[in-house]
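Take a look at the structure set out below.
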Amino acid sequence: MVNLTNPILLIAVPLFFVFLAAVIAPFSKRATKYLPPVAFLINLIITLYLIPQVAEKGVIVATTAGIKPPFAINIAVDGLGLSLAIIASLLGLIASLYNLKYITEEPQDKFNMLFLLLGTGITWMVITGDMFNLFVAFEVTSISAFGLVGFLRDKDSIEAGFKYLVMGSIGASLLLIGVVMLYAATGTLNMADIAEKIARFSFRQKLLPYSFIFTGLGIEGALFPLNAWLPDAHPAAPSSVSSILSGIMTTAAIYAIIRATVTVFNYSAITPFILLIALLTLVFGETSAFFQKDIKRMLAYSTIGQTGFFFFAFSLGSVQGMQGAFMQILNHSLSKAMLFLIAGAMITQVHSRNIDDFSGIGKKMKISSVFFAIGAFSLMGLPPFFGFWSKLTIIFATLAYTNFYTITLVVILLFMSVIEGAYFFRVMQSMFFGKLKEGTEIKEASPGLVVPFVILGIVILTLAIYPTPIIAVSKKIAVQLIHRAVYINAVLGGL
Amino acid sequence: MEKMTEQQFRTIGNMLRKRSLWMLHYCTGCGSMELPAVGTSRYDMERFGVVPYITPRQADILLVTGYVNTKTLRRIVTVYEQMLDPKYVVGFGSCPINGGVYWDSYAVIKQLDRYIPVDLYIAGCMPRPEAIITGFMHLMELIDKGKATGYKRYKENLEYYKENQRKVLE
Amino acid sequence: MVKNILIAIGLPLLAFGIGISFMGFKRKIGARIQRRYGPPFHQPLLDIIKLLSKKSDISHGIIYDLGPMIALGASILTIFFIPIPGLKLLTGSADVIALLYIMVIGSLGMGLGAGESANPNSSIGIARALTLMFGYDLPFVIVIISVLLKYHTTNLYAITQAQAGGHWAMWVLPLSAIVGFIVIYGAMGEHPFDVVTAPHEVATGPMAEYGGKHLGLLFIDHAFHVYIELALFVDLFMGGASNIGWFYVKMFVLFLIIVFFDEVLPRFRIDDAVRFYWRWPTIIALTSLIIVLIGG
Amino acid sequence: MNMSLMVLLLTPFTGGILSYLGGKIHRSVRYTFAILFSSLTLVELFFYYNKPVNHFVLGKMFGSVMILQINPISWLFAFIVTTISLLAIIFSVNDMEGRGGLDFYYFELMVVEGAMLGITLAGDLLTFFLFWEIMSWTSYLLIIQGGNKSIKAGYKYIIMSIIGANSMLIAIAMIYGKIHTLVFRNVAMLLAASPHGFDIAIFVLFAIGFFVEAAVMPLHTWVSDAYSEAPSSVSSVLSGVLEKIGAYGLFVLLYALFGVSLLGKLMPLRFPSPTIMYTIGWFAGISIVVSTFLAILQEDAKKLLAYSSISQIGYVVLGISIGTSLGVAGGLFHALNHAIFKSLLFFTIGAVIYRTGTRNLSELGGLIKKMPVTFTGTLFGIIALAGVPPLNGFVSKWMIYEALLQKKEVFLLILALIGSTGSFLYVYRLIHSTFLGQLPEKFKDVKEVPFLMQIPIWLLSLGTIVFGIWPGLAMNVIARGEKFFGITPIKYNLYGFPGGNGMGSLKMINISSVFIAGLIVAYIIFALGAKTHRISQYDNYAAGQVVTKDTKYNYSYGFYMFFGRVVNPVFKWSADKIYLAWARSANVFGDYMRRIYTGNLETYSSYIVVIISLVGFLILLGGKIW
């Protein structure tokens, strides 16, 4: 009897399905596309099963080969990791449902295998408790993402895929160098173990490996100015992939940075630097998004901005900041994934990614447009949507102490939210109230595309109506994250 | 008795009314040159309550100062019809009476009386200011006696006047 | 009670009498200045009787009829709020500031009526009237405020009482009084501020389409208007009066000056009139106000 | 548990959802639900007429309780909200007929109503802000229902509104950072104990938010476009209610959060009232005068009304900022009155637009013969707006003047009085160019608006009379509200104010009855004269010329052109132009920033090197960057 609550299954199940896909691909290429939904559904169920455990124990640790940490490869799921895993599975499920109808290009079997691998990698990244494992997961994610970005094989996607490949590889090597340095210094790869051992190192000794890890992860995590691949890659990929990339992959990388910074390195001294980077990311992301004519590019830049936003909240270092960061991650993942899916659905009708061509489609594609508005509102932080509460939390966290700097920061944050409002409202205006171009035959996208994002929309609306439990949970998660000793003790508890 | 009072009332009304005659500031020909002299210090028609007024709604007297060509007649008729009862028309100079020096002109009305009822003529080419003032005094007398009934005539013989107007204007 | 009713009936009649006498004076004096004999003194009364007894009248609509009525009704309303010697019937119900706006009702009614007469001359006239009012209102409110501040009350009757014994506001606030005079002057629409009715430009402006009894009502209203403006100035700056005769004399002196100016001045263009009011009178009035503020 | 206030708050939201769903069945179902639920809200509100609720816990968020409360002042504003919204809904039934997306429109209308109700009922800043944000974006959605141009206007509105809301958010976050609770009472205690710099910052930040919504200069620039481009019933909600919500916010800020004594301490008392309130008073005063001047020169009926709204809200803010009992009462009363007469005017002009399809003043004229009811409504509206007795606008303006005089704020008084005189100009222009003058031939067949659209016009006209002649009705609520906020109310009775304490007396009933008596006298004189007969509008004085149907014999374009010659040199610059210039330069700057993403792989790789070096550089600095 398989223990349903073993977090290793989160990796094992999708991997198994990848192999399954490889096996059945020679017989039926079409059949492979039904594998990802199943895999992600199983993953989702497992993660949901894990909730009570995590809530009870705080951190659940799973080991391989029966050897206890720090010696074996292990998996440690805490609140943050689990929530991200839930989001990853959910988005994976939604996106793969969407794919059933959306992906018509060949080779479908390879696409589905890569897609499964992408999901696996992301889930792996957020639940691993091991530094080298993190690298491996990172590589799995990146490589599948390279493939997926270039999947459409037109000029754009190949260029984007290539850029992404180069940058991603540099990132991966930097990460590897960092991990190697850590191993050389501490002799262990287990995060908790490193965390314990590294405490005796001086700031300078710690900084070199940290800077490599930070930069390596930062490339994937879309931090300014390492994110230059993103605005090319996200739009070029198929929309379902973009939704995963924007929705959860960058977030997973940010999670890795958070994990490294808080749990492993315990770097509070570095936060001003992180804060600066986050702020720059936010400012450049939102400003650039404002000038985009291409809807997916705009959403991609918006992702950069949002990443900056929650990374900023995280870099405040307070419980409330972390809480805000987590809430915003949740909000952003759901909304942005939905927005990408909707943008994809609209593009199938409009056959263009130019915002000007979207004018007036609100009258024809009612459901899509309304849900686009819901996603945008949530992302902008308009009440009663969940984004409002996360924005509020982050602002409250920033202004926990009132002085000149914090007020300046908040002014910048809010100014950026005005810009974000500006470009989203502009798009919505042209969608709902613009003039429909004559001679175009636009109708609502097929139900196969609509149903997935409507499910996501319903999740967002549910959060809007009933945000209190999530806010409470996010506070718990934040407290857990900031008390790194709990994590370390839980992993190394056996020793 | 009742009739008596009304009659008296009307008489008093006429008595008062005759002392306040507002003249429409409307000039058709060369006769208008005489009016400034009548109005200003030397002759001062305001002594008798005669004052030039601007719009037909306010005025009591329509002073047709000189020849009337067909183009002007249309305006004169419009203005006359816009005036409120009781209203009086004074033909000024010889032109409204018989065309004056324009007696053979194709464009000039020879007899103003055929188109609108004229209560009083002041003959002369040009009548001097004294004559004008005498004319006004005479008009006042007519009003007092209830004889200046041009407006009633116009109503009673509307068909006749309209017919004549139509002949010229169309 | 009976006395009050008598006053209520008598006051408008008195005001009308005073106003109509001034109108007569004006024509007579004006004629004399032009070396004419001029009409009889009771000529305005004759005019009104003639207008009211016209045998036919036209109407452009209900508001056209209502306009002069509102104007007259508002004038009658206004005179009850201006205290004259021994009579302060309703001065307790509205103070000077309220009075400023009660005085406007008439122009509004007039404007509506003139508007419905559908004549562009009327419309232009009203546009000019309102603009001119906007023009002289600025110095006027400053003047009013100076007086109110000076006497620490907004009750017109109390202001006249405070000036008793020869301490006229005219002597206490000479600058304000000068401006007040200019404003009253403009409000009466005398030269050079007769842009509103300017017969040669806009054909008597608002009155262009009015004739007969409508115009008669407006003439009565004008008589009231003359009375109101003069009485207001006398109450504000010349200390009211202890009896009607004295009150009449003060008003007459004031009116005489106004007529003298009126007869010799040409006419402003409307925007120049506004510019004029917003320049010197305003500056003088402000100076006076600042003097009051500093000097108490 | 007492659910009372929650029920009140949820009624419009429920109504909105139900009418949205009902609209899918049949349009009459939609209307029934919308009208039913908004009337229901009004009825429910009347249960609280004399029954303040202090503490109704809505929930808990961030460790701060979210509470609802109702006091007489919030009752007053809630009354404005519900009444005008109800009338707007009734008006829209015919007005919006035939447009698309009506289900959504009614949903939005009721959600806006609910959100505004929520603001008035809020007992803490979090609830306040929550509903404030909802109000902002839902009202944006309403504005953009008005067609193509309205989209641009709505865009301007939402941007300014977000800026305002964010400014408030900063202040709220600053307060939360200190005391972790946002209940008004606790906030007031915090502010009383805080350093002055903090207090002033909070004040300014809130004031920006409220100024945007209340359209006080110089943050008014969205108003003229948004009010004029939105559908008429929305304009009346915007001008009648949304603006008042801004004023309500300002009132809460001044009297519930800060209080006059604290404001007095914040800055030295150089002037009769606290400097900070004095400043607000000046903003309001300048709003009054400048926008009056702008309104005079408008050619567009709704733009004219929009500028007039800015000017009138100036009176409200001015009254509130005076700080004396009389001033506050005047300001609040004017808020009520302005809601009544400005909504009335927007409804009547909406009716005109509904029938004629244009709001260009120079195209209209002479409609009095065709739309007498609308004309009557407009007449009452303009008389009230101009502050002419005996209608309601006069009473509240008079109170404000008296309050200013009491405080010897002479210069503000001059501004206020001048603004009022200026308003005669534009209201006359409004009524003249639409209803008076010559009727253009193309509007020969125009009919009076349907009965459903007349209802709001009738009711609001009645309102202008009732509150004008019996100001005591409104003063009952206002006086109780002032008592609630610790201000001693002034003496008043049903018909006016007995005066005293440097304040003049006013008896509206006397003024109106004598006026009616005067009218009767005038009518008697009139009736004694000869009978009148109606004549056509073409039988008109034209210096002898015969006016025919094909000549436009009407004066309406550039009505105050000569006045424009006087003031135009001053109005060459405007706040709007300054903002646009800022936006343009920000645009250019942002465009340069964007170019950091060059699209070159080499550049991107070099960024990585830069970052690694930067992080490495941190080693030398010891990890500290500041």
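Read from first to last, the chains carry the letters A, B, C and D; within each, the first residue is number 1.
Following the convention adopted for this analysis, contacts are C-beta pairs under 8 Å (C-beta built on N, C-alpha and C of every residue); 3 or more make two chains touch, one makes a residue touch a chain.
Since we're looking at a predicted model, the values are computed, not measured.
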Checklist entry - Given the contact rule stated at the top, which pair of chains has the most C-beta pairs in contact? => result C-D
Item to check | Distance-to-centre winner among chains (Cα means, whole assembly as reference) | outcome: D
Checklist entry - Hey, how far is the Cα centre of subunit B from the one of subunit D, in Å? => result 59
Checklist entry - Any idea how many Å lie between the Cα centroids of subunit A and subunit C? => result 79
Next on the checklist: Between subunit C and subunit D, what distance separates the C-alpha centroids? Give it in angstrom.
Outcome noted: 36
Next on the checklist: Quick check: how many Å separate the C-alpha centres of subunit A and subunit B?
Outcome noted: 98
Next on the checklist: Show the residues in subunit D shared as contacts by 2 or more other chains, in ascending order.
Outcome noted: 530, 539, 541
Item to check | subunit C, residues touching no fewer than two other chains | outcome: 53-58, 203, 208-209, 212
Checklist outcome for this item: Each of the following residues of subunit B touches two or more other chains, namely 55-57, 85
Checklist entry - Taking chains as nodes and touches as edges, what kind of graph is this: line, ring, star, complete or other? => result other
Item to check | Every chain pair in contact, whichever chains are involved | outcome: A-D, B-C, B-D, C-D
Checklist outcome for this item: subunit B partner, complex, touching residues on subunit C are 27, 31, 34-40, 43, 46-47, 49-50, 53-58, 199, 203-204, 207-212, 215
Checklist outcome for this item: Touching subunit D in the complex, subunit B uses residues 26, 55-57, 74-76, 78-79, 82, 85
Checklist entry - Contact residues on subunit A for subunit D in the complex? => result 162-163, 166-167, 170-171, 174, 203-204, 207-208, 210-212, 214-215, 218-219, 225-226, 228-229, 231-232, 269-270, 272-273, 276, 283-284, 287-288, 290-291, 363, 377, 382-384, 388-389, 392-393, 395-396, 398-402, 407, 410-411, 414-415, 417-418, 421-422, 425-426, 429, 432-435, 468, 471
Item to check | Touching residues (chain side subunit D, partner subunit B) in the complex | outcome: 530, 539, 541, 544-546
Checklist entry - Quick one: in the complex, what on subunit D touches subunit A? => result 59, 61-62, 100, 126, 130-131, 133-134, 136-137, 140, 144, 148, 151, 154-155, 158-159, 162-163, 166-167, 169-170, 173-174, 176-178, 198, 201, 590-591, 593-594, 596-599, 601, 603-605, 607-608, 610-612, 615-616, 618-619, 622-626
